[in-house]
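We just call them A, B, C and D in the order they show up, numbering each chain from 1.
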Amino acid sequence: MKLMEYQGKDLFRRVGIPTPRGVYATTADEVRTYVAEHPGSWVLKSQVMMGGRGKAGGIKFADDAQQGETLARELIGKVLKSVQNPDGEEVKSLLVEEKVDIASEAYVSIAIDRAAKKPVVLVTAQGGMDVEEVAEHDPDAIKKYWIDPAEGYSPYIGRQLAFDAKLPEGYRKAFPAVLGALYELFMDYGANLVEINPLVLTNDGRVIASDAKVELDDNGLYKHPDVAQWNKQSPADADQAAAVAIGLGMSNYARFEDEPGLPPKTVGTIANGAGLGMGTMDAVKNAGGGAANFLDIGGGAQAELVKNSYKLVTSDDRVKAMFINIFGGITRGDQVAKGIVEALSGDDVRKVPLVVRLTGTNAKEGLAILAEAGFVPVETMDEGAARAVELAKGAQ
Amino acid sequence: MAIFLDKNSKVIVQGITGREGAFHTQRMLAYGTNIVGGVTPGKGGTTIESGQPVFNTVKDAVDATGATHSIIFVPPFAGADALWEAHAAGITLAVCITEGIPAHDMLRVVATTDGMRIIGGNCPGIISPGKSLVGIMPGHIFKEGNVGMISRSGTLTYEIVDGLTRAGFGQSTCVGIGGDPIIGTTFVDCLRAFASDPETQALVVAGEIGGSDEEDAAAFIKEHIPDKPVVGFIGGRSAPKGKRLGHAGAIISGNTGTPESKVKAFGEAGVPVADRPSDIPRLLAERLATATA
Amino acid sequence: MKLMEYQGKDLFRRVGIPTPRGVYATTADEVRTYVAEHPGSWVLKSQVMMGGRGKAGGIKFADDAQQGETLARELIGKVLKSVQNPDGEEVKSLLVEEKVDIASEAYVSIAIDRAAKKPVVLVTAQGGMDVEEVAEHDPDAIKKYWIDPAEGYSPYIGRQLAFDAKLPEGYRKAFPAVLGALYELFMDYGANLVEINPLVLTNDGRVIASDAKVELDDNGLYKHPDVAQWNKQSPADADQAAAVAIGLGMSNYARFEDEPGLPPKTVGTIANGAGLGMGTMDAVKNAGGGAANFLDIGGGAQAELVKNSYKLVTSDDRVKAMFINIFGGITRGDQVAKGIVEALSGDDVRKVPLVVRLTGTNAKEGLAILAEAGFVPVETMDEGAARAVELAKGAQ
Amino acid sequence: MAIFLDKNSKVIVQGITGREGAFHTQRMLAYGTNIVGGVTPGKGGTTIESGQPVFNTVKDAVDATGATHSIIFVPPFAGADALWEAHAAGITLAVCITEGIPAHDMLRVVATTDGMRIIGGNCPGIISPGKSLVGIMPGHIFKEGNVGMISRSGTLTYEIVDGLTRAGFGQSTCVGIGGDPIIGTTFVDCLRAFASDPETQALVVAGEIGGSDEEDAAAFIKEHIPDKPVVGFIGGRSAPKGKRLGHAGAIISGNTGTPESKVKAFGEAGVPVADRPSDIPRLLAERLATATA
């Protein structure tokens, strides 16, 4: 679950990381009122998920209430577009923050290092720009530290990193505490990534998190129901919402946009298991087609879930044929077959040509059910993919 | 020989009376796994229908049975607790089937369970065909033999193994390492064990997009087992960037986890990468032919 | 720092350990008002540090407001005496709590095991009585578990203990969570001991901490200023307060009561270092006298501290002679000598015959200062103790 | 030989520019300790007057000097951090002078610093007379010789050592293990090292009331070194129950930590317990006479 900047900063404040003074606003009136009551220079930051909002015109500066209101009216409702986000993202709210006098900008993040099985801290004195760019042009400027979760964080780690990364002296006192708080957030809230870029040193000696990028592990969200709630309020990802709505795991469904130069994505896919799900969409590609989606019904799926998965995939109008690919382990073939028959017996689904491949646990029973309903299943994944691509082309 | 698991390994089931635990206990017993008991708090002193004793705690189970292996079927929030309990009781290999354990629980568990090998979580388990199955794989598709197999996915493993078996390639041990970002045993950990297993004469490494476990595996193969024939596979090669596909770990973010990087690494290690699972037996036969030539 | 029951329960609630409903009261009026507003059966528990308050008549039961007021008037101001506390302790406040229907009583505690260097958990199904008695009569009924601080607490530990100690089934669900919260308290608040005795299982299936015994490590108190404050409000130990008042560590001063069958405690002692301080009081005893106190001026003491230590020890009227025993390491002999001379030059101290033994760092300079002021120091600890005992006897 | 510390041990000082750190650095240098540098964050790149380099971090210091030993002079709240920093940098023996470190910090530190010996906290340090002093002891009272000494107290150590030296008993190594409830190195840890040190022909164990370290020491002596002459001492024998005397660990609570229990345990191990420090040389001479008879 990716958080918006204002949500990330909410978590920052919970663990004691200093953030700029300011207010979160969803209307231009709120912005006017706030700036009127707090004279000074303010930054209006569009709250969107996409990167590059600055270049897209999503950040403005206001010196009085009137200007604040005008700019807020301009921003709220605007659709920001960037290279990474050609479709754009609508601005629904703003973060109004004090304009700080920047003496220096640093970068700090903590992520999971899968190979080391440890959290890894990255620090560089070159804050304010994309860290991948820094990694490319000046890799030695990025200092890393792997924290042992058994020992946890202790301030010497922050001191070592600050010295190694040559952070300006003004950071020295505050940095170990900021990093400690960031590690607390990372572990307690179960973050895949926490990033402060830039961590600003102001001219008056304060160290402040000017931006906040936080991505939480969906599996750990249950520990923080209030934070999990944020996701429901503004689901970052329509696919995730759709998956959860029918009882799948958040990341068990993903819809793929058409890509220039590739075949149109007209084949719906359903498989059991993430690996087979990926294999199935790859097989569609290998057969010269395009998978419209990835859908993993998980282990031990019941008929109802299969039925709803079918409905979800065919709700995408582009889907002209469906390939269901099941290799039973926990999942029982008879349950899947039942789900397919049920799905197609109702009037509430859009029916498309269907290819079923069913093997493994209870395959025999499943195949019997399908045979009774008049389906002729295919034997292999390759065969199924080829057949589905063919059917999709025929249906166009 | 096989790795990690043999015919005599004494196995307990954590969550033996739960729905999944009970179901797979019977399947494992049917396969011939030496299941000596199980654990369900509050049901200590009873036995399941097939006669295996149930204990309240892993410690009680280990004390009474001498079990060294455990397979875990518990809800995600109890996953870390189950692993720590196994470790404290002296279990040396724990297979964690549970899907959805928070990554940060696993970070802590991995850092504090020295001396216990963890397979998974979110994995299909491990099988040494003809000897023992500690997992949820459909045993009948496997066949005893000399090909070692490691995979991040469950069902894809079945797909590949099914093909191997049909093509006449039996398996020494197949390990499903799991699809989560933080898992107990990586490709490299398995490769290290396979490297010194004389029974294993060839390997299949079935990776997927996300992370760099495949790149690490390729580097290990290049340095330590250049002479053992290995065939690779990467699932999710047609996936666009930034989409998380089922496995919490299967995502291309930025420049890491791309199939291009993985295929390149395998290539540099002399490992051919199959475009589709059905190509694997052929590539394996070719590699074996070259190796013995 | 030992906490009173109501303070311990305050911490219990912070970590989520269930405690009985009720109120803390310092006047009988408060008790009347509370019981009037909350009809039912209530227990009035005297808030004292001493053990055995029940037997001493410090716990009463009230079924209505009038009775509550009457009993509270009786208890507040009463001096409770027990075998361990012959001098008694005045009741200054009460904890008024719901009278719970007890189905079962268990015992659980966590303490520091010095030898194992780990927290050790003790659990027995025989709650409600002194655990040392249980240990004597039925040692197998007490189950122990050593927690690895690197791994921390996890619920299996509580499950294992509950089964091993044969806690009634009603505890099973709640116990692992209660123990987890108790461990959190133990580590986060730095407790030497946390004890729930009894941990009650009620007839309606609740698991409640009926009593709370918490002893915190003084060295960790700075992490919880609000809790450290409790100690200032009601210093549990007059010696500790006196020590802190002159800038010593909390446990660097202890006054000893006279004991029947032993020589009267008439020799004041001051030494540098805890070990030498203990050795000095032992030496006084070996010489046939009685040390009135232990006082360790610590390492590197300055003249001012020596002076104030002298004043503190002689503020005890029983002290007829003083033995100052310094073996300089960090502590410098000249500083100690200066302090002695200063202490005795003022009119604000009660002067008693003084024996000084001074060796180690800067001993020569110190001895010179003392010689100039007319003192003749002794050479050894044994000699000094003997001389001081003699002087004290002569002065009586 | 000596234990833990010899002439060549390379030592750094954590907190070298602080008041106590600077003072004792000079005293240790004067004694002949091989101090190769020190650490004060923010003063990296400078040198102290006597020429030793100052580094920003322990890692920098170890990288530059190859130090293996460290002595720590930091405020109590920074004690655990200093120990972790030393451990992470590869220090193998850390002497922690700091008094007042929270016991629970030490619980965590001890559990997570495998491979590094910690002496203290709240201790006077360690000295191998004539070779090296890593501590705050007054070096001139010590004399090179064959008596090993371990003590929970600082100044009492000086008192006893002074007596030993005056009586002609030089010392191999003296370790002040510290007076806190949780310390890195216990009597037993020291005894284990002394047991295999041929230079150490006799031992003095100076305990005090509180805890059961003396009982554990007695049990170890009885089982593992019954033939090495040992003399014991217990400080605070005249203390009443329930009073904490200076050291956080020095308290008789309930039935644990009583002098009676300790004296009895020593007696059962054949270890005579001196009533006063001044008796120790005589008892030692007697034990040595019996041992060689």
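Throughout what follows, a contact is a pair of C-beta atoms (placed from the backbone, for glycine too) under 8 Å apart; a residue touches a chain by one contact, two chains touch by 3 or more.
Please read these numbers as outputs of a predicted model, since none were measured by experiment.
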{"item": "Path length in steps (a step moves to a chain that is touched) from chain B to chain D", "value": "2"}
{"item": "Between A-B and B-C, the pair with more C-beta contacts", "value": "A-B"}
{"item": "Rounded Å distance between chain A and chain C, as computed from the means of their C-alpha atoms", "value": "54"}
{"item": "Geometric centre distance via CA averages, chain C-chain B, whole Å", "value": "55"}
{"item": "Distance from the mean Cα position of chain D to that of chain C, given in whole angstrom", "value": "27"}
{"item": "Where chain C touches two or more other chains, by residue", "value": "148, 150-151"}
{"item": "Overlap residues in chain D, where contacts from two or more other chains coincide", "value": "108, 111-112"}
{"item": "Pairwise touch network: line, ring, star, complete, or other", "value": "other"}
{"item": "Listing of all chain pairs that touch each other, if any do", "value": "A-B, A-C, A-D, B-C, C-D"}
{"item": "Parts of chain C lying in touch with chain D, wherever the complex brings them together", "value": "112, 114-115, 117-119, 132, 148-150, 186-187, 190-192, 217-220, 222-223, 239, 249, 251-252, 254, 256-257, 259, 271-279, 281-286, 291, 294, 296, 298-300, 327-330, 359-361, 380-382"}
{"item": "Parts of chain D lying in touch with chain A, wherever the complex brings them together", "value": "41-42, 44, 56-60, 78, 80-82, 84-85, 88, 108, 111-112"}
{"item": "Of all residues in chain A, those that touch chain D in their complex", "value": "148, 150-152, 154-157, 159-160, 163, 169, 172"}
{"item": "Chain A-touching residues of chain B, taken from the complex the two chains share", "value": "20, 24, 76-77, 99-108, 110-112, 124, 136-138, 141, 151-159, 162, 179, 181-182, 186, 206, 208-209, 211-213, 216, 235-240, 243-250, 254-255, 275-278"}
{"item": "In the complex, chain C residues that touch chain A", "value": "150-151"}
